[in-house]
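Chain lettering (A, B and C) follows the sequence in which the chains are written, and residue indices restart at 1 in each chain.
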Amino acid sequence: MSTLLLIEQVLNGLQFGVMLFLMAAGLTLIFGVMGLINLAHGSLYMVGAFAAAAVAGATGSFLLALIASLAAAAAAGAIIELVVIRRLYDRDHLDQVLATFALILIFSEGTRWIFGSFPLFLDIPAALAGPVTLPGGIQYPAYRLLIIGIGLVIALGLFQLIARTRIGIQIRAGESDREMIAALGVDISRLYTIVFALGAALAGLAGALVGALQSVQVGMGEPVLILAFVVIVIGGIGSIKGALVGALLVGMTDTLGKVLLPGLFGAFMEPAAATAVGSSLASMAIYILMAAVLLFRPTGLYGSA
Amino acid sequence: MSRARAVNLLLFAMLPVTALVALALDEPFIITLATKAAILALAGVGLNIALGLGGLVSLGHAAFFGLGGYAMGILAHHAQTFTPLMEAPFLIEGTKSMPVIWLTAAIIGAIAALLIGALSLRTSGVYFIMITLAFGQMLYYFAISWPAYGGEDGLSIYVRNGFPGLNTLDPIQFFAIVFTLLAVVLFLAGRLAAAPFGLALAAARQNPERVETVGLSPYRLRLLAFVISGAITALAGTLFADLNRFVSPTMLSWHMSGEIMIFVILGGVGRLYGPVAGAALFILLEHILGGLSDFWHVYLGLLLLLVVLFARGGMIGALAGREVAHD
Amino acid sequence: MTEPLLQIEGLHKSFGALKATDDVSLMLVPGEIHALIGPNGAGKSTLIKQIAGGLAPDAGTIRFAGEDITALPTPARARAGLGRTFQISSLAMEYTVLQNAVLGAVGQRGSVWRFFKPVMGDTELRATAMAALERVGLADHATTRTAELSHGQRRLLEVAVALTLKPRAFLMDEPMAGLGASGSKRLTGFLDGLRREAPILLVEHDMDAVFALADRISVLVYGKVIATGTGDEIRANPQVREAYLGEEDAA
């Protein structure tokens, strides 16, 4: 395999990882601060994508579409937090799983009801549709590069938000001692709504950005949700840093596995069998990675016991 | 007879009565629905051993359900194409015999549960939920990308597998087989819950520290519960595949895991007959709401949400009242 | 001197800069009650956790009945014969009092792997459980849900479950707490006789009970054992007086 192709695949892995980070960051924050497992996070990703597709269809503006995805997902997040999720904070995980699974059913079928079963398409803006030439002569799609950029900027912003701002201090305090910060006069339920809406907005943005690469359809959020779980298990629950490292690991492993493994098996097997074994194994690579992390660090790379 | 016992008996009788009435009215479709409910109930009984008794919130039980389905699909596929499953190091042929397929499926389910459980049970809480979900998804993607047995399209089996002395193509006879299995498993699951193992397992759910202090290992108790649970769910999976004469990766998808969990919850978690009530209710809803609207999952979601938020005892809880401590 | 049943040597445990257990050595010999006292935060519960399992020491060894148990997990230590009661009751709260005691009997029997025999119909297990409940005075509450017991009664149930294990030594973390004067007096009398069955390492705040019961007392301050001796020796020990009363060291 040529070096150029490999670098391109590494960039693809990075882009995938960055998208997973947007999903995983919200999930891990919501878990860390509120102790809630939210299966409906994938639905918020889908809401963002549909909002973007609808707005782009109506206005033709990609920027407006991205803003719409953020706004719609944040609004959907805030609404479900106010109506359903806040009743679940002091429930056990089983209730949280069931209630958020119920939300998935409602979101998915509701979206199908409104938009129909056919996928929508969100076009990459013309200015970003072509490739750019990177140092070393690598041609890489401008849009994917933009995604990597946006993802990294958001990651940086999140670290700053948590480390520097007032709300970040409250979030960190909320992770360690809920009663105490309530006693100090912080409006806990408002903080929770904000954190939930923030996580939702990130998921919605990810949905819109990826929606332009793939199609926008019902159920699109679920595979990503499960990958985000793998990311969190690897990175450690509640850790933004863990989410970033885990997301990049998963993104790289998945992308490079799919490219490299069939070739690897091709070295000592006949081509058809090598493709079959290689691609099946590649589909399992990230889970094997997860199992390996679990064996050595059951609480993840950056998780506390 | 206590009210809870009366409710259980009623639930237990409901499926065969429905099937027999349908037979008298010559409505084979209803018999098939009752069969489906009994199979899904069996899957729920399996999950309930881990979930209700052991407190293990597994979102990956579709893995076992689907493995059971594929055990039947692969064995029957080789039998119907007259090709051996493998030749070296020793010959394994396909089969169309239900008892052999059941046994194989249960063993495969148990082994898979042992492997997944040994890893996942090193963690607890949300980690456990996410990890079981992830391992289930791993098998799903594997089934899609492995081309030998149909990949994404799945495997069709032309004729339902056979059971000695019975005609499995006759809906009522197939129902009888399925229901008998359900009854046997319910009986055994009831005994298991009342046995020292059940006492210790449920204690480990309430307070693992207490169980360790009396010299028992919560990890081992849970792992064994998970293995038994996986084996039963795999058994249900073969029957489900046999009912449809078809198996596909859908059986392995996490929606399936969620649905099995819904049967347990709608019925009442931790209740022996909960999954029977839940599965029957689910089939009923699917049939009635599905007839009213293509988007019946919205109503299912709303119902589930209401049960979780406001009626945590599920259907049996509503009918039989709060569970009283035994003895 | 009799061979010690439980022997702890050079135990260390730190949490960051805090030395919770600082070079602790102590032993428990058959037939005795060895009380462990010390001000709040002295590290008594941390020490008990390391002995019972569940918290690994940074250094040091714990030997029980001639075996090095330092690396064993909690269940193995319980099977080796360490019967523990908790400072904060740790019981299966949904179960009845009897079910909790039967759980102990099941653990003592060691064979949880009988799958199809109803446990509550097992006369032998029930007899063991009821006998233990009777000894602590909870027999009348056998069918009560554990969650409905008072805090003091839960302590007694902890002791009863430990009895069903027929342990070779007891580790009791504040069994008197929440019992009230008469309850505490009754339990004191009971523990007094119990030492003949198995020695007791007793962490207790009730000083009347401690001085009435203990053959030996060890005083733990800031993770260190500052003194070990009989009740009279401890009362007269200047370091102990300083730790508790803030008196100047006479020397």
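Definition applied: a residue touches a chain if its C-beta (ideal position, glycine included) is under 8 Å from a C-beta of that chain, and two chains touch if they have at least 3 such contacts.
Protein identities per chain, from UniProt: A, B = Branched-chain amino acid ABC transporter permease; C = ABC transporter ATP-binding protein.
The model shown is predicted, which means the values in this text are computed figures rather than measured ones.
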item	value
Centre-most chain [mean C-alpha coordinates]	B
Centroid comparison with chain A (C-alpha atoms), farthest chain	C
Inter-centroid spacing, chain B versus chain A (mean Cα positions, whole Å)	31
Between chain A and chain C, centroid-to-centroid distance (C-alpha), Å	49
Inter-chain centre distance, chain B versus chain C - centres from mean C-alpha coordinates, in Å	44
Parts of chain B lying in touch with chain A, wherever the complex brings them together	51, 57, 59, 119-120, 122-123, 125-127, 129-131, 133-135, 137-138, 141-142, 144-148, 254, 258, 261-262, 265, 269, 295-298, 300-302, 304-305, 308-309, 312
Chain C partner contacts - residues on chain B that touch it in the complex	188, 191-192, 194-200, 202-203, 206-207, 209-217, 221, 325-327
Chain B contact footprint on chain C (complex, rising order)	52-54, 73-76, 78-79, 84, 86, 90-96, 98-100, 102-104, 106-120, 122, 125, 143, 145, 161, 164-165
Of all residues in chain A, those that touch chain B in their complex	31, 37, 84, 87, 93-95, 97-99, 101-106, 108-110, 112-113, 222-223, 226, 229-230, 232-233, 237, 276, 279-280, 282-284, 287, 290-291, 294-295, 298-300
